[in-house]
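First chain written, first letter: the chains are A, B, C, D, E and F, and each begins at residue 1.
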């Protein structure tokens, strides 16, 4: 693996409301992000699920549907992109979600074998 | 991003049996965890899939349904929470799953912009 | 947690084309990998979605279905496994995907409590 | 259809003729239909009744299949309720508003009183010249009644409050549909003018379609449907369900049209089967041509609409046009429905299932087609009928929807619309255990 | 229904009267029904037969829609098997147990021998006074037979072993249902006592419901259903499927009740169509009122149960109560079924689809309602019938289930129940390629 | 079935006898059927018509349920198109090719001209001796016609180009099916030889099955189906849908076989109901035994195929075999179909829904069974018929498919096949909003 790649990248993981995905993707696109990966997840947090009655019996929906957006970026972009995501995903209501940032050691583009930031 | 946040947090990722989710969530709630994210995944491991016959032809189901629980926590809580998860997810049978721990550099609450442990 | 485990492991995350999953899993199995976790995700990248017409109105499918393969491995295996994944997932077409590598601090087998590389 | 008593006598003239021709038993034919004929006629009308009943399942399947998964429970609830409300209100007031016997206000309105009463002869051969009993008459008509309201349901889906929709439905099906129906099938002014609508291209489908249009206008489009000047396609969630719906509707139409012969007359009922089937098939081909041409790829939902378009189109004249005309009417309906769906969408009228295009646009086409393809009917009279029903139904629906809106509001809140009416209105999911996206 | 030979003669008296009234051809009417009347009667009975057949699809859809996705294949397998086993065993023994002609043990038990034999006159007008042929008689009755076992299927779903269920079914449908049936429809002791059950509120639905109750008691609840003293709601996985099921059942009921007239008599069949439809509709409204009131939101599954409740309720008296009484019976059934579902759940009896509430509770209500709303029938006699069927069916079902449990076990293992019977019993998934949660 | 004019006279002899026996009104019976009998016969034939119609929904549901979710829209599109194309082409040429009246080339080919024309007597009692009208005759036959092409659709699913399939269908249904049909039902050479096929085990099902076989051979298997010498199971995506399909097919078969009596004759129609139902039920049990035995677990798709196998098997002789023979024919068909599915798969012929096994294998079995179980028919003649239809249908289908392949190609591209024909051919998803795996 190429050396320059090491430690130069970060993984930004954002847990957002499902209907904000288009906004976030648009905002990231405009900021030059060329790739990202999206997963449907369920969240448990301050935004509670709700209780419903089905055939007379109560049941609680503990988890709220969320979308996880993962994007691996060059170290330098992290701060601005975290801000971009935060701004585009914000509705101001509880449950807007979180953004996490962690280190990414290496990236490889499968098709070409390119590595590091060039692979993003 | 705020400084104190850096390096103070860990991401605990647990791969568990689907029907143990309620136990794990309850246990984590009791331990004070305020948020977590759940993903449906499929696992391949020592617990094998199975072979079935459909219309006379064999087919193998290689993957077993699993649940991935992700929770970002303050460094100090890691050890006890890993134990909590382990205890609550254990059935003693093969395929009970794994718990992974990695560093989490930063966390931001989208709604408020709070960062670091305060954002969890 | 046991000490030797610390820092000795890496998480390899590969985003691949769904129909290449069998190849990748086979290749990894042959290379001695004993466990991995798979998630259905949707990707946005150089491989674009497509535009369709439904009842006279255009709509764009922005995301392409992808599979995320996650495998936690002993540090020493990383390079060869990244190559293995790359080789088995490659079709040569755009959208073949990425492989990311990051540090994994700890691993625990829920059933036995074993930790570190022994837990994989 | 419908024993607009005047016309049914005319209709049965052909049957009478047949009797005369069948010489050997003419002796007793003079004395009216035999109990055997009464029994077979009535049996056919009851078969037609259960066929029309199953159309309500067809509507439920089509409407839920063509909308999003998160609103499915709500749609199924509405459709189950509409047929139930329709049957009960038709028993209390609808039947007697639609077939008042005597009109009290011109030939526009009459009411024969609350509830059902077969009277002394209601279930004998005397009631309808041996064609059916009073009970059969009622239940066949009752199955039709809820149809108009169900058509509205599709157009206003995915955003209307449950309670408000049910309030509208109750009033529309209990009062507006039967009053409008009395003008023709009840023997009112349009019947006397010579307006023709065999089984309800106008009386059922357009009446429903106008209600749908009023609802769509007052409700506004679904969130995001016409955001930023672009038209967003919101795909239906279950194509097999929608297809089941359409086939069940087609099946039911054999009773809808076939039963509107109001007897088991071999020639007429079989002719109606042929014109109905071929118009539906031609509608599929018309919509296939249009959608394959206009869109780049052939659209399943368009050919499903196409078959219904052909069916609605042939409904007004199924017993009076030729087989070739039936195919032409159906094919044109198939072309028209595709154009109409696209046009209505461009006009920013949000009709998730294409109800307005299928029932109103093609209902009008079918009614006018009688004036074009049947030498016995006048285009101008047909046009007057179309216009009269348009003005009355649209105005009535608009006023009711407006009143309900003022009283209780029509739309669910934004958050509810976004997360779906199933959880919002019913606290349930349609597909518990399935992973849904979006 | 059913040619409890005594009562069918009485029933047809009205038809005979009609003949007499239709003066001109009275001449040959004296000599019995014409071949035309025979043909139309028989045709109607065959239409009713295929309508009852489609109820089995209705049950399959309702039961699978109301349970979890992981048990769907198992439920579909059971339902497809039950109708098949039912038809075959009814041909071999059931028909001749239910209509033994002569009873051998009091008026409690008789058996006319193995297999089908129309005899010399079985397919002539002589067999049933021109109402139907022997073959029609058999096949119409055979379609009913499997119903009782299918009712049980819903209640014991999601945890019973396939083989054990099939063993129970075979015995229950081959022996218990027809023996019980012979008491009334076969002309046995309850028939002679004046007990009335037109189309089977008790003979079919309660018999099934008692079997369901026995099964539920012996099986115990699904894993986690009543854990920690709390009642856990386990939602059905496919509401469109459940709704299709209910509409198909309602459709089939036109044959179930309409065919139980046992001829195409215009007045009676059409009356039965009206009472049946209005009771179902009123059942929906009753359940809507109850569920909207008790729960905070209107529950689709409750109004689906409500329509079935109305249908089961009207089944005992569909031909002898007034139209207004039919609506009342249906509405009350709709209220009752909601209360019963909640009550049975609180009693920790785990019935995933509400089969006991729909078929047993409302079956009893419907049977008693005949004693209340029909002047010609005694409440006490109705009560005796209800009790007699209850004791016999419950005991028989309990014994059979108990025996099967002792021999082979009733429940699948915990792991199998958790991962679903589809994989466990069949090695298949119902929705391959769909992402399921849980 | 079918008025192969010769045989229908023979068939109606039994009816005539009945008339004679019913002494009192024999007076006018001499003059031909009464208008009442004409009406009830015709009504039954129309009921049979709508039952056959609903089989097309059955095929659509079964075929889409047994294949992958990503090809569902394509399959629904094909099925909706096939019935529509079938009806229209049958009106233009099919009916007059199948019932040419006079043959022009030996007893092999005749054509009565383009389009429909009832003539002067077409809708009177004179047309078919009071059994049905010309319109009924046409529409009943037309509903059958598209069936053969639909059978092909299932076998070639998940990889055939839409346009190429529609081209094949149009030719096969417009020309090949009716020409082949004329040999027996049109009164051609096989009819004169004494070949018997009551409702189409060979004329409909095998003709479709041979077409399916030709298509499967020319198309090749789905990607990955037989990779590396192993047989990969590709599971169907929606078992409730497949089950709905099979029950609707069974339902429709009451019209398919019951209508093939070509009158409402009480004895014959009711016998056919009994043989048809019991054969289907026995087919389920046969397939259950085979699949539970051979595979380790009972396979739902196999018992679904089993019921169809029983139905196809009984179709050739439903009116001429005993009830016990019907059960045996059905049970054996159930065994055979399981063996055939496995055998065909091992022969690397990729038939996703088992169409060849159900329709061809069991169609042959059913046709030969007439020679075995009916004393009045010759096994050798049956064999000749089977062979003749095999040679002609397979060759014709092969040539058409080959021509279409040369002209436009048969298979979609690999990428399209992988991502599904729904997006590739139609730009749509069947289950928008559902998370699909794979």
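By our rule, a contact is a pair of C-beta atoms (placed from the backbone, for glycine too) under 8 Å apart; a residue touches a chain by one contact, two chains touch by 3 or more.
Here the structure is a predicted model, which means the values were calculated and not measured.
Asker: Could you run down the chains that neighbour chain C and chain E together?
Answerer: A, B, D, F
Asker: Using the contact definition given at the top, which chains are in touch with both chain B and chain E?
Answerer: Joint contacts, listed by label: A, F.
Asker: Over half shared numbers or under half: where do the identical copies chain E and chain F land at their interface, same or different?
Answerer: Homomeric contact, different residues on each side for the most part.
Asker: Can you tell me which pair among C-F, C-D or B-F shares over half of its residue-numbered contact pairs with B-E?
Answerer: Matching more than half of the contact pairs of B-E: C-F.
Asker: Centroid of chain D to centroid of chain E, CA atoms only: how many Å?
Answerer: From the centre of chain D to the centre of chain E is 32 Å.
Asker: Please work out the Cα centroid separation of chain A and chain C, and write it as a whole number of Å.
Answerer: The separation of the two C-alpha centroids amounts to 17 Å.
Asker: I'd like the Å distance between the centres of chain A and chain D, where a centre is the mean of that chain's Cα atoms.
Answerer: 49
Asker: Hey, what residues on chain D touch two or more of the other chains?
Answerer: Residues 34, 36, 40, 43, 47, 235, 238, 244, 295-297, 299, 301, 427-428, 431, 434-438.
Asker: Where in chain C do residues touch two or more of the other chains?
Answerer: Residues 39-40, 52-54, 102-103 of chain C touch two or more partner chains.
Asker: Does the chain-touch network form a line, ring, star, complete graph or other?
Answerer: Topology of touching chains reads as other, fitting no named class.
Asker: Can you list every touching chain pair?
Answerer: Taking the chains two at a time, the touching pairs are A-B, A-C, A-D, A-E, B-C, B-E, B-F, C-D, C-F, D-E, D-F, E-F.
Asker: How about chain B: which of its residues touch chain A in the complex?
Answerer: Interface residues on the chain B side: 1, 11, 25, 34-39, 72, 102-111, 113, 119-120.
Asker: In their complex, what parts of chain A are in touch with chain B?
Answerer: 10, 14-16, 39-46, 62-63, 66, 68, 79, 82, 85-86, 89-103
Asker: In their complex, what parts of chain D are in touch with chain C?
Answerer: Touching chain C from chain D are residues 231-233, 235, 294-297, 299, 301-302, 338, 341-342, 345, 354.
Asker: Provide the residue numbers of chain D that touch chain E in the complex, in ascending order.
Answerer: Listed in rising order, the residues are 27-28, 31, 34-36, 38-40, 42-43, 46-47, 49-50, 53-54, 56-57, 60-61, 64-65, 72-73, 76-77, 79-81, 83-88, 91, 115-116, 123-125, 132-136, 138-139, 142-143, 162, 238, 241, 244, 425-435.
Asker: Enumerate the contact residues on chain D facing chain F in the complex.
Answerer: The contact residues of chain D facing chain F are 18-19, 21-25, 34, 36-37, 40-41, 43-44, 47, 51, 68-70, 235-240, 243-244, 246-248, 250-251, 254, 258, 264-267, 269-271, 273-274, 277-278, 280-282, 284-285, 288, 295-301, 303-304, 307, 323-324, 327, 431, 434-438.
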